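This is the structure, below, for whatever I ask next.
For clarity, chains are labelled A, B and C in written order, and residue numbers in each chain start from 1.
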Amino acid sequence: MVTLTFETERKTQLLDITASVREAIARETGSVAVVFIPHTTAGIVLQASGATATGVAPDVEGALERLVDETWDWQHRDEGDRNPWAHVRAALTASSVAIPLEDGDAALGDFQTIFLCEFDGPRRRRVLVSVV
Amino acid sequence: MVTLTFETERKTQLLDITASVREAIARETGSVAVVFIPHTTAGIVLQASGATATGVAPDVEGALERLVDETWDWQHRDEGDRNPWAHVRAALTASSVAIPLEDGDAALGDFQTIFLCEFDGPRRRRVLVSVV
Amino acid sequence: MVTLTFETERKTQLLDITASVREAIARETGSVAVVFIPHTTAGIVLQASGATATGVAPDVEGALERLVDETWDWQHRDEGDRNPWAHVRAALTASSVAIPLEDGDAALGDFQTIFLCEFDGPRRRRVLVSVV
């Protein structure tokens, strides 16, 4: 298992972690990589990036903020820094993704990018990569 | 593979199953645990619990009920007990989560809790745990 | 790893791929099957089908179209064929599902069906199946 660390910079942010995950995978041997996030206000999503996918990451950020509205009547807000919407947004993404390996590398699609989804940043976040 | 059984008590309920899953993992050997739910109106979510996370589980329950509205125009309602919204709410969570193991135990974050998400309770539910 | 290919027929479509995935699993040996989709406008969901679940797949299709509204103010639409809503709908489903095996077959629940979720069809789609 490899532990990766990232610093997010915004409250809601899809951060491309593909290169770091691929480096972690290259250190291990097996046929499937598990990418896992040990946090409850952040998630993992595979989505598009690159020249032909401009705007996709901001659109996913904006859509999750819009879907889970901060003005709803929340219970988890009895202290100043509570963030119930961040937990729900994270619950709508994934805590883990399992990616098959081909020739020792993640068999991602052409535009597929591994994103850490921050919903309560900026923060330091960990991601665990385990190859089986 | 270990099969766990749980009884849910409410229509919509996040039920903490962490202790049972950890016991199941302790019986097996490997580097990743797969937690799988063989139902289509229930899911698995890793979210926060504990003294500093009061209200998170009820907020996730309330948000999923709010997001997927029972008054929408549904097709799957031709018999009395049909529950299309429960299927959609489950589809927005996960059927499986893969968790890396460290020293034989799930490498969960400090506040991370494994929840069975019931959307059509009360019912008896099964959860499968497989370590690879 | 087995690569399966499917042709979707509609813009938004839950396509039952259970039989093909089970055939792929039967060719491999192990205890967990990973079903992975290398696309960013399509996903994988386990949901109900069959005589007692009529309408579930159309209801999931309709709910995801309704939840993620095409009239929102999107960034990813500077060319004619951009489809930001398809990316967000896919992000709300899953890129991978890990299914425990029992006697070499997927330990699915009675009504549980493996669906490829198309959100930008019709298209040719690939699904990777890896058994570990």
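Brief remarks follow.
The working rule: contacts are C-beta pairs under 8 Å (C-beta built on N, C-alpha and C of every residue); 3 or more make two chains touch, one makes a residue touch a chain.
Keep in mind it's a predicted model, so treat the numbers as computed, not measured.
A rotation of 120 degrees, rounded to a multiple of 5, brings the CA atoms of chain A into register with those of chain B. Look at the contact of chain B with chain C and you find different residues on each copy: under half of the numbers used there are shared.
Centre-to-centre spacing of chain B and chain C amounts to 20 Å, using the average Cα coordinate of each chain.
Residue positions 67, 92, 94, 98, 132 of chain C are each in touch with at least two other chains. On chain C, the positions that touch chain B within their shared complex are 30-32, 45-48, 53-56, 58-60, 62-64, 66-67, 92-94, 97-102, 107-109, 111-112, 132.
Chain contact summary for the complex, chain C toward chain A: residues 1, 34, 36, 38-41, 67-68, 72-78, 82, 84, 87-88, 90-92, 94-96, 98, 126, 128-130, 132.
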